[in-house]
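You will see two complexes here that share subunit A, one where it goes with subunit B and one where it goes with subunit C.
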Partner chain A sequence: MMSVELIFGPMLLAPFVYFISRGAEWVAKWVALTLFIGLLAISVDMYQALPADGGFLFLGEFLRVPGFDFALTLQVDALSVIMLILTAALSILVVFSSWNEKHQGAYFSLLIFFAGPIFGVFMTTNLLWFFIFWELVLVPMLFLVGYWGGERRVYAIIKYFLYAHFGSVFMFIGFFLIYQQTGHWDFMTVKEAMIVTPALIWWFMFVGFAVEMPLFPFHTWLPDAHVEAPGSISVLLAGILLKMGAYGLIRFVIEMMPVESRHFAIYIVIIGLATTLFAGLLAIYEKHIKKIVAYSSISHMGLVAVAIATVSYDGLSAALYEMIGHAIVISPLFIIAGWLHHKTHTWYVDEMGGIMQKAPYVSAIFVLAGMAALGLPGTMGFVGELTIIVSAIKEFGPWIAVIAIGSLIAAGYVIWAVRRALHAEMSPVVAKSHFDMGGFEFMALVIFAFFIILFGVYPQPIFDMANSAFKMFGGM
Partner chain B sequence: MISSVGIYLILPYLGAVLAFVLGKMNEKSAFWIAEIVGAILFGTSIYLFMTYTTPIDIDYTWINYGGIQLPLGIYIDHLSVVMLLIATGLGFADIHFAHDYMGEDPDKPRYYAKVLFFIGGMILLVIAKDLIGAFAGWEFMGLASYLLISFWFKTKSAANAGMQAFLYTRFGDIFILAAIGLLYYFVGNLNMVDLNQMANNGEIDKTVALVTALFIFLGAIGKSGQFPLYPWLMNAMEGPTTVSALIHGATMVNSGIYIVARMFDFYAYTDALFIVANVAALSAFIGATSALVQKEIKKILAYSTMSHLSIAFVGLGVGSLAFGMLHLVNHAIFKALLFLSAGAIIYIAHHTKDAWKLGGLIKKAPYVALFMAMGSLSLAGVPPFSGFFSKDGVIAEAILHGGPFVSIFVTIAGLLSIAYITRLWVLVFMGEPRDEGINGHVHSPGNIFIRLPLGILAFVTLGIALYQTNIVDYIVGHPVEEPHVKGLLVGFLVGMAILFGIVVGLYVKGMNLLQKISQHRFIQIIHQILFNGYYVEAGITYLSKNVIVNGVAKSFRWIDTNLIDWLVNATVPFARGIFKAFRIGHSGKIGDYIGIFAIGVAIIVVAILIIVKGV
Partner chain C sequence: MGSLIILIGAGLLVPLFFKGHMIIAKYIAAAAFAAAAFNVYMGNGIDLPYFVLTPDTQLMEIVVLIVLAATMMTFSGFERPLIPQTLFVGAASLAILETNNFLMYIVLFEVIAIISYVLAANIRSKLNAEGAIKMFIAGATASGFILLGFAMFSMITPTFNYSEISVHGNFALVAFGIMLAGIFYKMTVVPMHGWAADTYAQVNHAAAAILSATIKVVIAVATFKAFYLFMAAYPTTTVWLFGFFAIITMTLGNFMALFQKKIAKILSFSSIAHAGYMLLPFAAVASMYSYTGLIYLGIAYVFMQTSVFLILNDLRREAHIKTLEDIKGLYKKSPLHALFFTIQLLSLAGIPLLAGFISKAVAFYAGVDAGLWPLILIAALNSALSLGYYLWVIKHIYFDEPVAGTHAKITMTPGSLVGQLILLAGTIYFGIFAAPVFSTTLGL
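On to the complex of A and B.
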């Protein structure tokens, strides 16, 4: 089975694609599309090959340096393969939705490069290599936002960079302290060696991942980064990079230090709850359409944090479902928000209005995804919310039912945004704008909408995968 | 039997998609697809009703995650069959009626798709066995209601009304979501049939039962337009009248009553029913008094809907499942008739909704006048129309089993219904036309699509009066003794006659007197309070706008920009400061360099010593 090639292949391929596409720009996107479809197929194949008992599938050890525990150990379990599938599938849709992007050669080369480290993050169990890939993911993201972004893109990327490094420093200190404790860099050996973990390590690691998720009060990089990023890069940010934080939290905090995590769970819950409510209310107050979506995204990651905090079989399954659901629900909202700005040249919902008359189908998909964001039954949002509420109450007692307020707040910002941007009379700005969308972009939106409903009505396939990922937490 | 469940679960949504897609190709096909789907659904309900022997009971695990099973079962018993007949029957009539009413609208495919989606949601609610399924149907209806109220989203008022409806009902709904979580935690069961059974056996903790019952009732308050979440129902009249008839008059607003009836034993287990009765009695009074002074035809009917739903709630609240449900059934039918009649009036009067601008329409539309009169008499509770039996039963039960507050308020509300509905009928049909510009253009309604459904509904309103005891038996499963209160019937009839006399006298002959009365300052204040629905809407708007959005949310925004971002941005001057501090070292003097070098070496040596010794 291919393993290390999946990581370094795209990274080496990217410069070639860039040089080839200087002559023929259209090459880049087709290469990217083929690559991501291939990656998706390989990931699905990997899922089939997973051992039935829920353990790791060993893919190999590379770049071994004698005397150092520094080998690139690649092994995957259900959790990481699900993240790989999500990454590959979402990247395909990102390619579709940026089909008519400008400077295609560079854009898609960066996208191809991006696939390498992100696969590395999800595939390696070596802490040092994880850290290296984690940092490498930032590079293409910074260029993508910094070059294709909006007016304040430089401020946004510097802020993002500062935040990300703030988190990385904590994470790295945590990793280093673990190495000091155990003398190993590998997840498997570390996990067995660390029976008692000092609280300090736990907190360093938690803060490191909380920044990337992002949880309150480390969230302010996200609205700025999203606002300046083009719509399809927002999809990468929200759909994959935030999941990287959640994945790290599950793998290197919850799985590695379950005892401490149960001990400190109440803090994660409070932070998660604060994130959900704080970000939701900010979204209500906001007039900037992409910031509304960005705060909504943060708000849902708060829910994920609450679910992760349960440190239980069912809670983590619910968290994984909500992570996937969040990726599928929030992506069309970001794409459409970016598209609306592109067409109307305004960000503010009160300057829009009546867009539904001019672009009924895109607006309908916005409403559908918005309904999923507020947790309407029949969509992915509801299943995530329901399972999280049930699991959280089971773990923390009845008071956590206050989390339902989050879905009322969500209703507030979604419906109000729809009312101001899409309904009512056409504003002068909208009346003189021309709303058209390319076929591939629209197709991406339709695919998102299809999955929102499909997995909202029939969520069991995802839960089957999630169940196999967290078997070791269950008594079953 | 099982195949009918399949039809219920798939056909409405399939029909909605087909109506939209095919309707986009050929406008007329949208109506016919909707009509056929509506007919099949109604036929299925009749078939179920005819062949019913034992409850259909299907268990299904929807989500199985980490040791938790979330169920989504189907359960169809007598109560469900009655609700199915109402939902599909009135849905079918409404679709039929819409052929003319929505005839000139360019967005017919969208309209019929949404209506079919709504019917699907209502069906899902009443056939669900578990709270999750019921909640799903509940929310589908909420979405359909939102989409249909803001059907003409080009106008701001319709868009606002839709938003308001969604948010008000959503406020109640999150409590149902919380109740689902709590019930799973404390009871481990979300099956409404089992919950009733467990309540009967006393297996549930009383506090848990009370709290969850009240949480679910909060959802019902939102959906059924009870105090204090009713203002959305009045503004929902911005939608097409056919939508008001189906969703905000006859079917969706009943779902709150249905859910309490479905979990009746669970509610009866604790004091929850007492609270239901009191909230409902207050709402009945508010609705009935506010209906007295409204100007728009549809708003009068909306307040009367609120009031009558409350009467049905009071029936449940004082412990009579039979009469509460009977009133729901009767009300659904005559309210559909009244709303569709209103629709006919609005249609022939070119979308004039203000009753004060009409008048004397009996000459132009005698049949509509007749059918509407039959609906009005039933609503007023005049024997032998159906409304009489159920309303009388509920009031008698309230006097027997409810406290003084409940019995007085519900009696007043019951009596006042004749006043406001007579006022409406008289204003529209009697006297001289008040606005010649509108009256001149009034045309006669068509036969097949306007008069026929009205006539059938009027016939059913009259005919169903014969089967009142059968309906009660069918729902409850055993004969129910009719409550008797001495002198109630006579007092009620006399009261109604007096009110009828006053209204007819004032609005037909005594317009001058009416004018004089309404000049009085005190009357005007009362009029303003009633006309604005006791200012509940203003209060809620003030709270949400000034406290939530401009209070809490704004202060959070302040924290976000002035505290967190300030710290982030402060890193730049901070780094610059450090840079400046270290630049002192770059002085170019060799002595300084040596000094700093020595300090650095010392730090490194100490650090190495600590690490080596420490490890």
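On to the complex of A and C.
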């Protein structure tokens, strides 16, 4: 089975693609598409090859450093393979949705480069290599947003970069303290060797992942970064980078330090609740359509944090379902919001209105995804929120049902935004704009819509995956 | 002895070819560096009393010779007086890295200082002269301190052998303190950094590349070896002394760099901040990884810092690029310069898979291992802060449009390309493969 090639292959391929595509720019997107389809196939193949008892599939060990226990150990379990599948699948849709992007050679080369470290993040169990890939992910993002983004793109991306970097400093020190205590860099051996974890390490790691997720009060980078990023890059940010934070929280905080995590669970719950409610209220107040979506995204990640805090089989499965649901639901909203701005040259829902009449199909998908975001039964959002609330009540008692207010707030901002932007009287801005969309972009949206409904009425496949991912927390 | 003779001999020989055939001078110098590096690689040290070649010194020496060779290749016509100086720096570096005698260390320290004065003053212009004079005055003051401290130290020690020097007693403590005051001048430790910020920015950037990278690293490594016994004898004093100076150096260096408009000044302050990082392994001397951390930091830093100053040298020579305003849209004018500059800046900022990250990680780990995690937290936050100004330069290179009326195209000379490729290869190699540094320094 391929292992280290999946990480360094794309990173080496990217410069070649860039130079080849200088003459013929269309080459780059086809290479990217082929690569991501290949990665998806390999990830699915890996899922089939996982050991039946829910343990890790060992893929190899490279670059061993004597005297430091530092080696690129590649192992995957169900959780990481699910993230790999999600990453590869979303990347394909990102290629579709940015089919007509300008400066394609550089753009798609960066996307190809991006695939390397992100696969590394999910494949390695070595703490220091995990950190290496974690940081490296930021570099292609810097250029993708900094060059192709909106007017305040440089401010937004540098803010994001510095936030992520400052957050990861704490995580970095946390990893060092773990190594100092146990003498191991590898997740598996650390878990065995670490008997008591000082609270300090736990908090350092938690802060590192909380910035990336992002959780209140570290969330302020997200609205800026999402608003300034091009629509398809917002998909990468929301669909993959935020998941990276949640994945890290599950793997390196909950799984590695379950005892301490149970001890501090209440703090995660409070932070998660604050995130959900605060971001939801901000979304109601907001008129900027992409910021509404961005706050909705933060609000959902708060739910994921609450689900993770249960440290139970039910809760973690619900969190995994919601993570995938969030990726599939929020992505089309971001793409459509970016597209609307591109067509109408305004960001504000007040100035839109009547879009439903001019672009009915895209608007219908927007409404569908919006309904999923507020948790309408029959969509992915409903299953995610229901399972999270149920598992949280089971763990923390009935008071946690206040989280359902988050759903209520979501109904507020989604329905109000849909009313103002799509249904109200046609505004002059909309009347003079042309709402055409390329075939590939539209196809990406249709695929998202299909999965929103499919997994909404038939969530079993994802829960099957979650079942194998969280066996050690006791399953059905 | 062979390497020294080759390097000094070539240094004396090359000026004969300055008139007309500079390319021959470059070839001779390159051959001398290659021969010396090969000689070191074969394990032939300076075969004299007081000099020993160990595997870790061997690695460091090869790196220094490669970097100096790459530097030399990028020189253009009017920088030819620097070629012999580069060779002499190489020879002196080999000697000071190999010595195990305190007297030799002090003598070679002064030899390097004198070469560096000549190096700084070689190109004749007013600005250059000003920088060189600043450096000379600061350096002379520092030499005074070092000699005073050394004189006191020599009164009490029975031998100058590194492993047998006498370090006990208050008198020794005072002597080492005074010597350190002088050495800190050379290592540009705050508050003895004032000259460096000006000198690096004012002298020819190729000379600044050697001054701020190679010489600083060589001095740091040699000082670590010379002072090891002292540091081991006074663990608490060491932690407080070096920890304090490390923090103020890196913090002040990073903050000052944030406010600079001239790129050379940014690089100078970044160099000062890196001197702060280099003091961390000194503070963490209790850890078995401290020497590994210092060597790794030195190797990574010498590749990155040399490269960025040489690119700036190219840009200033070809297109008079000095400020952030001038560098706007560089990726359109010269994609190669822009790419090399960006990668090396990211490495300086500590972005992974480049030498800058893993070297800092090892040095920081040494600190955590020695139980100094609050110090390391400050250092890591500093490193995150430094990303601010490195990204700011990259922002000007890639995300801004060129200013109208500036050079539309900047070409890269073949020599410069080869030199930069060597330095880039070093940055990437040591960013991915950590095993050579660990296996040589930990004695595995």
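Note that the second predicted complex is superposed on the first by the 474 of 476 C-alpha atoms of A that agree within 3 Å, B and C clash if a C-alpha of one lies under 4 Å from a C-alpha of the other, contacts with A are read in each partner's own complex, and residues count from 1 in each chain.
Methods note: a residue touches a chain if its C-beta (ideal position, glycine included) is under 8 Å from a C-beta of that chain, and two chains touch if they have at least 3 such contacts.
What you see is a predicted model; the values in this text were computed from it and never measured.
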Subunit A: partner with more touched residues, subunit B or subunit C: B
Touched partner set for A:391, first subunit B, second subunit C, both or neither: first
Partner chain(s) touched by A:424 [first = subunit B, second = subunit C, both, neither]: first
Subunit B versus subunit C as contact partner of A:463, first or second or both or neither: first
Touching partner for A:180 - first (subunit B), second (subunit C), both, neither: both
Touched partner set for A:97, first subunit B, second subunit C, both or neither: neither
Which superposed partner A:316 touches (first subunit B, second subunit C, both, neither): first
Subunit B versus subunit C as contact partner of A:161, first or second or both or neither: second
Which superposed partner A:139 touches (first subunit B, second subunit C, both, neither): second
Contacts of A:232 with subunit B and subunit C, given as first, second, both or neither: neither
On subunit A, positions contacted by subunit B and by subunit C: 162, 180
Parts of subunit B lying in touch with subunit A, wherever the complex brings them together: 62-68, 70, 132, 135-136, 139-140, 143, 146, 150, 153-156, 159-160, 162-163, 166-167, 170-171, 174-175, 177-178, 180-182, 184-186, 548-549, 552-554, 556-557, 560, 564-565, 568, 571, 615
Residues on subunit A engaged by subunit C in the complex (per definition of touch): 63-68, 70, 128, 131-133, 135-136, 138-139, 142-143, 146-147, 153-154, 158, 161-162, 165-166, 169-170, 172-173, 176-177, 179-180
Subunit A-facing residues of subunit C, complex: 289, 346, 351-353, 357-358, 361-362, 364-365, 368-369, 373, 376-377, 380-381, 383-384, 387-388, 391-392, 394-395, 398-399, 432-435, 438-439, 442, 444
Parts of subunit A lying in touch with subunit B, wherever the complex brings them together: 159, 162-163, 180, 217, 219-221, 278, 281-282, 284-286, 312-318, 321, 354, 356-357, 371, 374-378, 382-383, 385-387, 389-394, 397-398, 401-402, 404-405, 407-408, 411-412, 415-416, 418-419, 422-425, 459-460, 463, 466-467, 470, 473-476
